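Both of the next two complexes hold chain A, though its partner changes from chain B to chain C.
So, the complex of A and B:
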């Protein structure tokens, strides 16, 4: 009945305008969870929690939704967290790179990648626009959900 | 070998991969290679579909390659995003599916598979 697609998803920020709102490659800082140097804390869940929170915030900010199959969401967040730990930045886990360190420095595929920032295209299916057949209703995922889903693999 | 029909063969070494490719070339079977990455959500979600297809089309060879494990193979096939599926027959790349698109994958398997021997 009330399954209308939310027109605004309470983020209070400026509407997401892929190519004109903010200087290229430098989105508004308060919405962006950038990976800091890895390993400061050393706990296994630190990066997972950072990337979980980032994913929730960025979904709200970009008016995108997680996949109906939250295992997809959980696996990608785990992949981002692993890259944050090993490379210092959440490099996209669904791509092949000749040189991951160089790719991180270049920044194009650090999440949120340029295609996502500019055109809301996320081939990892982490952030799905409401018209996508696989988009669910959620913009939240708990740490427990992620751990449970990824423990199967 | 009969034991390798109807299942997905995960290749963990280059040698293993090229051996399977060589054998399929000899027997002129269609090979579908699933290029995957361990923490890529769509790669995970399409995996059971690939297993299902392996059962359904036993005259087709279904190989799985982790792009971080077999980097040389991923480079040879110029993999960018995953999952990517390459179709190879008689040693030649004949088609490709990029992304976890079950319907497109099935359509192309059926198109290229030919008749069971």
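So, the complex of A and C:
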């Protein structure tokens, strides 16, 4: 029976398979099993970090840049993280929905949304093409930057 | 004060300095500058710090020029003496937050012509549904209680003023 929780063994990062658990029983010594379920660590930071990393990678990959006003970037990343926490997927935070769960299931507006993937259109101003007036030079944003910018809301 | 089902913060008339009009807003700031925390906003003419305990559906401590309660959006439309610019927003919508100081500026400049109203689409989903709001921010200009012009997305103050003045100039 496979575990539904991603688990890593502390030594060497090898995947831990319950069926091949140490024949001697409980792992000990330097073997540490770390299990992470979504939101297990207090939720706020994990999703925030996931969406932060995603945003940086996706900007690089799509050759887009963050807004000159990084607060916009921070707010959107926070919105994505919140939806990831509450809905299970990073639904676009810059839209109003009649039924969010249905939208998540449908997928069109899960970040990166179809308009972004197809035409690099991000009305959230998260991923901006270089020709956009609002586009800055950054494709990076730190967790501290995000937390500071969003702490006031 | 017993809470009505609907509650808006509106910035009316003479504001001497930019000030937040809803809990999620802050004192206006220049792009790339630090956000100024609510408590450090300089006092300004006509402003009063909201000392009342938080009303149902709203966050604590807000600095606002004028806060009015309406039992429904319809009542707001009905009782408004001026055309309305309604900003449909959400807290975690980046462009919506970007528009906060711009709306402040525009509301001051056009205070005699239009009243700015903000609707949190997460709190007032039925109103957002009624007007088929999709992208945020969406701006709808209401004249005589009816929507007469609608546009989406963040835009600079001068363009927003242009949109408003064009909409108001059209005769019915």
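The rule is simple: the second predicted complex is superposed on the first by the 111 of 153 C-alpha atoms of A that agree within 3 Å, B and C clash if a C-alpha of one lies under 4 Å from a C-alpha of the other, contacts with A are read in each partner's own complex, and residues count from 1 in each chain.
Just so it is clear, contacts are C-beta pairs under 8 Å (C-beta built on N, C-alpha and C of every residue); 3 or more make two chains touch, one makes a residue touch a chain.
The structure displayed is predicted, hence computed values, not measured ones.
Novice: In the overlaid three-chain picture, which partner chain does A:68 touch, first (chain B) or second (chain C), both, or neither?
Specialist: second
Novice: After superposition on the shared chain, which partner residues are touched by A:141: those of chain B (first), chain C (second), both, or neither?
Specialist: After superposing on A, A:141 lies clear of both chain B and chain C.
Novice: Could you look at A:59 and tell me whether it touches chain B, chain C, both or neither (first, second, both, neither)?
Specialist: neither
Novice: Taking the superposition on A as described, I'd like to know which of chain B and chain C A:124 touches: first, second, both or neither.
Specialist: both
Novice: Going by the contact definition given at the top, which residues of chain A touch chain B in one complex and chain C in the other?
Specialist: 67, 69, 71-76, 78-79, 82, 93-96, 98, 123-126, 153
Novice: Chain A touches which residues of chain B in the complex?
Specialist: 35, 37-45, 67, 71, 74-75, 79-83, 99-100
Novice: Given the complex with chain A, which residues does chain C contribute to the contact?
Specialist: 23-24, 26, 31-32, 35, 37-38, 88, 90-98, 121, 125, 128-129, 133-136, 138, 152-154
Novice: Quick one: which bits of chain A touch chain B in the complex? Just the residue numbers, please.
Specialist: Going through chain A, the ones touching chain B are 67, 69, 71-76, 78-79, 82, 93-96, 98, 123-126, 153.
Novice: Touching chain C in the complex: which residues of chain A?
Specialist: That would be residues 67-76, 78-79, 82, 93-96, 98, 123-126, 148-149, 152-153 of chain A.
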